[in-house]
Amino acid sequence: MAGSPRRTAGRRLQLPLLCLLLQGATAILFAVFVRYNHETDAALWHWHNHSNADNEFYFRYPSFQDVHTMIFVGFGFLMVFLQRYGFSSVGFTFLSAAFALQWSTLVQGFFHSFHRGHIHVGVESLLRVKDAGGSMTIHAFGAYFGLVLSRVLYRPQLEKSKHRQGSVYHSDLFAMIGTIFLWIFWPSFNSAPTTLGDGQHRSALNTYYSLTASTLSTFALSALVGRDGRLDMVHIQNAALAGGVVVGTSAEMMLTPFGALVAGFLAGTVSTLGYKFFTPTLESKLKVQDTCGVHNLHGMPGVLGALLGVLVAGLATHEAYGDGLESVFPLLAKGQRSATSQAMHQLFGLFVTLIFASVGGSLGGLLLRLPFLDAPPDSQCYEDQVYWEVPREHEDLAQGPLRAEELETRA
Amino acid sequence: MAGSPRRTAGRRLQLPLLCLLLQGATAILFAVFVRYNHETDAALWHWHNHSNADNEFYFRYPSFQDVHTMIFVGFGFLMVFLQRYGFSSVGFTFLSAAFALQWSTLVQGFFHSFHRGHIHVGVESLLRVKDAGGSMTIHAFGAYFGLVLSRVLYRPQLEKSKHRQGSVYHSDLFAMIGTIFLWIFWPSFNSAPTTLGDGQHRSALNTYYSLTASTLSTFALSALVGRDGRLDMVHIQNAALAGGVVVGTSAEMMLTPFGALVAGFLAGTVSTLGYKFFTPTLESKLKVQDTCGVHNLHGMPGVLGALLGVLVAGLATHEAYGDGLESVFPLLAKGQRSATSQAMHQLFGLFVTLIFASVGGSLGGLLLRLPFLDAPPDSQCYEDQVYWEVPREHEDLAQGPLRAEELETRA
Amino acid sequence: MAGSPRRTAGRRLQLPLLCLLLQGATAILFAVFVRYNHETDAALWHWHNHSNADNEFYFRYPSFQDVHTMIFVGFGFLMVFLQRYGFSSVGFTFLSAAFALQWSTLVQGFFHSFHRGHIHVGVESLLRVKDAGGSMTIHAFGAYFGLVLSRVLYRPQLEKSKHRQGSVYHSDLFAMIGTIFLWIFWPSFNSAPTTLGDGQHRSALNTYYSLTASTLSTFALSALVGRDGRLDMVHIQNAALAGGVVVGTSAEMMLTPFGALVAGFLAGTVSTLGYKFFTPTLESKLKVQDTCGVHNLHGMPGVLGALLGVLVAGLATHEAYGDGLESVFPLLAKGQRSATSQAMHQLFGLFVTLIFASVGGSLGGLLLRLPFLDAPPDSQCYEDQVYWEVPREHEDLAQGPLRAEELETRA
């Protein structure tokens, strides 16, 4: 058919161009018009004195339930994309999160420490590094810990399980449940540990802007690099969330709405390109098997987010933060540290995080290789049946429903 | 089998009779006993002074997160009912909502304008017409805009894609995720733009009542008109929500709980009958292809809701509203407009909405027919594969799980 | 293969041992270190005066929306595990909950009575028995009502529908949506009817602890009793929630965090063992067909919870409750009843509940056996098609997606 090549070329460019043009135009308008203390925003974000407004609509303060929804539903279902590993994904997330809730009580109050481990306490408290949403201490740490661990556990024969490594149609839809609940509650997650009031509002708002931009750039890039301009569900499920990761350090700072858009756009781009081009290399060259693409969603955007934190901290001034400087950078407010010094501390925080992650991942990997720990063989990876009773699909369902006459006859 | 015809007749009437009798009896009791300022309600809905109560349970103020859940999860999954269009439904809802969030900041504050476009600002602000939940400016406008657009884009050969136009078993279950989250958060949506406090409580309460009644009438009517008395998932997924649409204009007014029940019951009835009898005619006679039945969920209930607003506004008195008149009908409170005049303005608002929708839909349709815009051929509609990489279903899943012995042998 | 038996034995013990060791160690640390009025907790749970804190994170007060999510999403999807009964599970839950919302307005305010019927009002109000989360009046009552009813409706030929009684892979994943939303909002449910402030915080916190422990014990026991150490989805979907049931009576009391862990652990254990060993006996010996295992999730944990309430009420002292005694046990605070007397009342409440449930279940069963009520034949149980139009699965989906060339050719 004559029109086909042109149609294919058109399809490849149509969605990317639309997304990029719209995002570009919007970003310019943001740069020119949108400010935190624009009068509409001020009215909108003003929390305590709402009785005078005739039209109020809230960002809800982050709560246990919001973050639990994010973790149990979001993380649990995101990994259900694997066609034969859904029970394990949702089940083991459930088990781990339940245990983490108990353990967090012991460590540091009920929930405060749920989503951040000792490394966080170490880096943030001791060095006075800011990292509220955890670009460094959650995402970069977790990703590189896991990738180093995966390197130690490298399975050269894993292609024996290759046929189970992809998704099926409905498993991708389950995974989208995870993606969407993560997207909705990521602003709550990033703002939960920040200062009540202005700090939480700014964190949430920056996270929203960044997530919208990473969603747009992910769709644009996914179509651009896809076969015949087709979108890839793996990108949408994951890279669209990179905007939440990349502002994990700087969301509570005066990043500006325009800055949040740019950061999110870059994160979605880097993450999508990572899935397309870097993940295959990671396995073939570096012998790191990264099934879920944590390097693309958590690793690179986490490091980017840490560097963004260095930049935004280095630009902090008394003018830009006003009275809020005390809560965001207490040492700056007291004059005990300069902005440049804060930036250097942030950079050092990233360095320490990566060291801890590498050492921890290596030790963890060696521990898991202990012979008495039972691991599934290479041919049985990504297979629920190793750990779960899996129902035998019933022939009736495959055959389709009975016809009405059959129903009556059987009755 | 002798009992079969009687059984079929019995089944056809059993559920409808049960629903109708229960709803009738409940509605009568509502008319006689339930008032907004019944002492139990007053205690329940009293918001600010809760410290004396020993038993409090809240309607939560509408928040970003609630409405995001409604839009991303609700709208996203509702359309997944199509067997081969799930990726597009959830994916493109995700993309559009993310962009709408950015754009809304530019238009009018962060979220206030997210769910209402310029037409709303035009109608509500300039004419001083009330339409908080958007029966007119969201539902009727959106539906008739889309239906006119669909008329312009009419595809006579669309039956080539007929086999993909229905659902499969699991796609209907995914769609129910959408329905249920929409149902839960519709009261938040309708009450979000109304006055904080009493206004939001009344809006939410009326929406709840209306939704419960449309759910009951949908089940009753669906079984009544179904083959052998069987329920139809399309009705349950959509018409059950018509109660939220029909009170979009009047939910903040003194509709009374009984009025909300009646409105919801009618909306569910009209919507279900529309799916059964009107949608086929719409395509065959009027050449409008309405795959999701927007005319039944948004069009007719939206117009009904606008007319209900005319009626309830026309009945407004200082006695019924008390001090609340100022917030619901400010011009009436100031004596600048009579109730009848307000009613006429409401009717004129509907008229303007429908004109705008028709003109806008026509222009939009002509725009989309521009030759350089690439549309899928008639045989490839409702098909994710045009835009998405779709995984090949793996034979292992169809064959059912391995037996334990096979697992051990392969290991 | 030589290693197989050892591998199987290792797998059977690995997960249970891990769970039991971690839970044991954590429980000991809880017993030694964790107190309600530990300074971190006090800061965390302090509700009204949050302006001084620099790091706040909330348990959100229970709301309509939370409990609706629990009921519509949670209950609705939990029962979707049946391979051919998903439409009925989610649909009829939807219908019943919508009607219950209307009815609750008539009975006792808008939502207060939604999740508790007359029996609750009878037992709690008349006898002054505490049962906020409904171990007795919701769970034990509902379970034994239903089990007695199921005994009266016993179908000896039900094995004709046996092939439809299990799950398929994706129906189990849908059910996990139900489980997880129930888990997240169970603390809101148990705390909704308790006293605002400290009472709600304590109820929620105890419910969280109990749920985490029942989740851990369910995974441990499920693997321990499973074939080859495999986990069973039925256990995870249900028994993991038994921790919410077992503290339904005592969550608002001074159960202590350690007490909540122990109670939850026991409930998960009893529930899992019930699914494995008791449900088959229940059918074969007692002629009670308990498809969803309500005896394991609601019956036994409900009775256990009532007995736990007897114990904790009997141990109540002025020292332990301080000023809170007035809200939890008003008659004790006024000196009109001793702790022992309160415990006896609690025990009598359980007795009355079980009598009411048995009589009510018998009458309900006899009512449903009336000949004009149409029930599906034994061969058509667990089959949506009796009540619903069920889509015929399309051959295209089974065949997998088209290849790119086919797409172009067809176009």
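We just call them A, B and C in the order they show up, numbering each chain from 1.
The rule is short, and it goes like this: a residue touches a chain if its C-beta (ideal position, glycine included) is under 8 Å from a C-beta of that chain, and two chains touch if they have at least 3 such contacts.
Remember, predicted model here, so these are calculated numbers, not experimental data.
Colleague: Can you tell me the C-alpha superposition angle of chain A onto chain B, nearest 5°?
Modeller: The C-alpha superposition of chain A onto chain B needs 120 degrees.
Colleague: Is it true that over half of the residue numbers where chain A touches chain C are used by both copies, so same, or is it different?
Modeller: Counting shared over all numbers used gives less than one half: different.
Colleague: Which whole number of Å gives the spacing of the CA centres of chain A and chain C?
Modeller: That gives a centre separation of 31 Å.
Colleague: For chain B, write out the residues touching at least two other chains, lowest number first.
Modeller: Residues 7, 60, 66, 169-170, 177, 227, 385-386, 390-391, 393, 397-398, 411.
Colleague: Once bound in the complex, which stretches of chain B touch chain A?
Modeller: The contact residues of chain B facing chain A are 1, 4, 7-8, 60-66, 68-69, 72-73, 76-77, 80, 86-87, 90-91, 94-95, 98-99, 101-103, 105-106, 108-112, 169-170, 174, 177, 192-193, 195-196, 227-228, 327, 372-374, 385-391, 393-394, 396-398, 400-402, 407, 410-411.
Colleague: In the complex formed with chain A, which residues of chain C make contact?
Modeller: 7, 10-11, 14-15, 19, 22-23, 26, 29-30, 33-34, 40-41, 43-45, 50-51, 53-60, 66, 83-84, 163-164, 166-170, 172-173, 176-177, 179-181, 183-185, 187-188, 205, 208-209, 211-213, 215-216, 219, 226-227, 230-233, 236, 240, 257, 261, 376-377, 379-380, 385-386, 390-393, 397-398, 404, 408-409, 411
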